[in-house]
């Protein structure tokens, strides 16, 4: 499939330390239902919510190689979660968050601390739409429906359920 | 002066388009009064609040070369504001915000849209103290006194005036 | 397929302006014959030799999605060649060359000017083996069989034909 | 002094492990004699040749603060050599070499292994003149007077002594 047809979906949210059991389970379910021939995900490649969505995708019936891209902070690929098909070793530390945003057509955010907040800020600067899940505490919920500054408007779309996310993506 | 003694103060805030006349004037005054032999500033090197603080420093009676460092997004130094002594051409675009934070001992934030928000998020991740000016609208005021996530506590110190900023810095 | 089993092959060589007809044709043939279920390529995502190898892979009988990764210099994916499955928009300019090297298990180099030379130098620093094609003029041929400095030894393996490349990869 | 008048001189060469006693001594002498009100140096901020030139500058009679800029690979400034006035913590690892080149008006290279070679390759891509010292073994000597590829011509100027370097700089 050509990359112009393919939809590249950024997935941002907490690492292991900030990811509740509920959010992890939501991530697995989201990954399973996101999985479709025309979609791949781009995430930070580590644990927590990133791992959950990758895991869900790889557990889906129609999974395929190349679905899960991990943009890693380290200069080696060793620390990618086990469900990343394609690990990218940036060696840039937390500055790699900008590459996740730049490489995504649209983004899904859930929960989230400071790392996720930096990604939301980059997404706004690059005028990317972010589907902000509202059912978990964190910056995705905090900023859902809000404008960060005057350069954009309405880019942070509140979504409450996986059904709403899929409906939004199907209508693109 | 050795760099371990020197205090490197990050300065973050809006570029030209997001910087009011009041904030620009505050920036000039801040730069003038910050200027002292033991302090240099590290900023994004462009217009608006960054330019104002650089300008104030260079207008101060005790200004010296090397006081104003501009960490630029471009791969050339041409777009640095006229008051930057040392322009660094990162060629990294908005990801350069992480370098401003990494290179600062302590940070002053005022006003601010999405770019400043990404810097505040990076500062939190790197556990740097940020003096958040509360008298201007923007993310510095919005997050003053708040905790971004559970990894830190009290790093975003509210300050209302230049006197408070100088008092805090003198007590370090 | 799990990324630890998968072989990630870096492909470095000239962009459009430095790529002869002969080298481009060699690249297409190389891509066709490299294509196998256990291999993906990581390249700079632009024209010339990078495009040729991507094109060959996508023309092979056993091509699959996710085989061709393009690590782009720009902050947008628009300038990826048409045969890149997964474009990564680094926004880092020429510094992105380090990410290509970091993300590869082993590298194939052919022809090459200054950009390729920077990649060869990074590969040496990261102690990655590079198969250096000797039948085309450029830095791959120039450095084949040589040691860049004392930190490594024998990392730049001379190879003259596609048969030799495949034999080396099969023996890993 | 305004940064457009100031000459920013890149200094590239081996780290501690690749720097002979002779090259270190040459670096100190070079630093001492380079020191003048209109010049600052931009280097990688670590040991070996970088440290020697910084040390020489700070030992010169007319030294001033801000003369020595260290563009560090780490996300912290702790590992800068003791003679760096202004340490920049990029957190980008070896990719930071591109920032040294981008931020320099002209470059001096001596000795050099793989790291220096990557910097020479970046300098060529950015069309920066490099004064290549020919009296020490390494990539600076190896490439002195040569063209890396067809995009430029004569950018790598052979120089044998500090007198020749100063003469070249004075004539700019």
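As written, the chains take the letters A, B, C and D, and residue 1 is the first residue of each chain.
FYI, a residue touches a chain if its C-beta (ideal position, glycine included) is under 8 Å from a C-beta of that chain, and two chains touch if they have at least 3 such contacts.
None of the values given here were measured: they were computed from a predicted structure.
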item	value
Shared interface numbering between subunit D and subunit C [over half = same, under half = different]	same
From subunit A, the most remote chain by mean C-alpha position	D
Between subunit B and subunit D, centroid-to-centroid distance (C-alpha), Å	28
Computed distance of Cα centres, subunit B from subunit A, in Å	30
For subunit B, residues that touch 2 or more chains besides their own	75, 91-95, 98-99, 126
Parts of subunit C lying in touch with subunit B, wherever the complex brings them together	75, 91-95
Parts of subunit A lying in touch with subunit C, wherever the complex brings them together	1-3, 6, 8, 40, 64-67, 69, 71, 75-77, 80, 82, 84-92, 98-99, 102-103, 126
Touch list for subunit A against partner subunit B, complex	17-18, 92-99, 113-115, 117-118, 120-122, 124-126, 138-139, 148-151
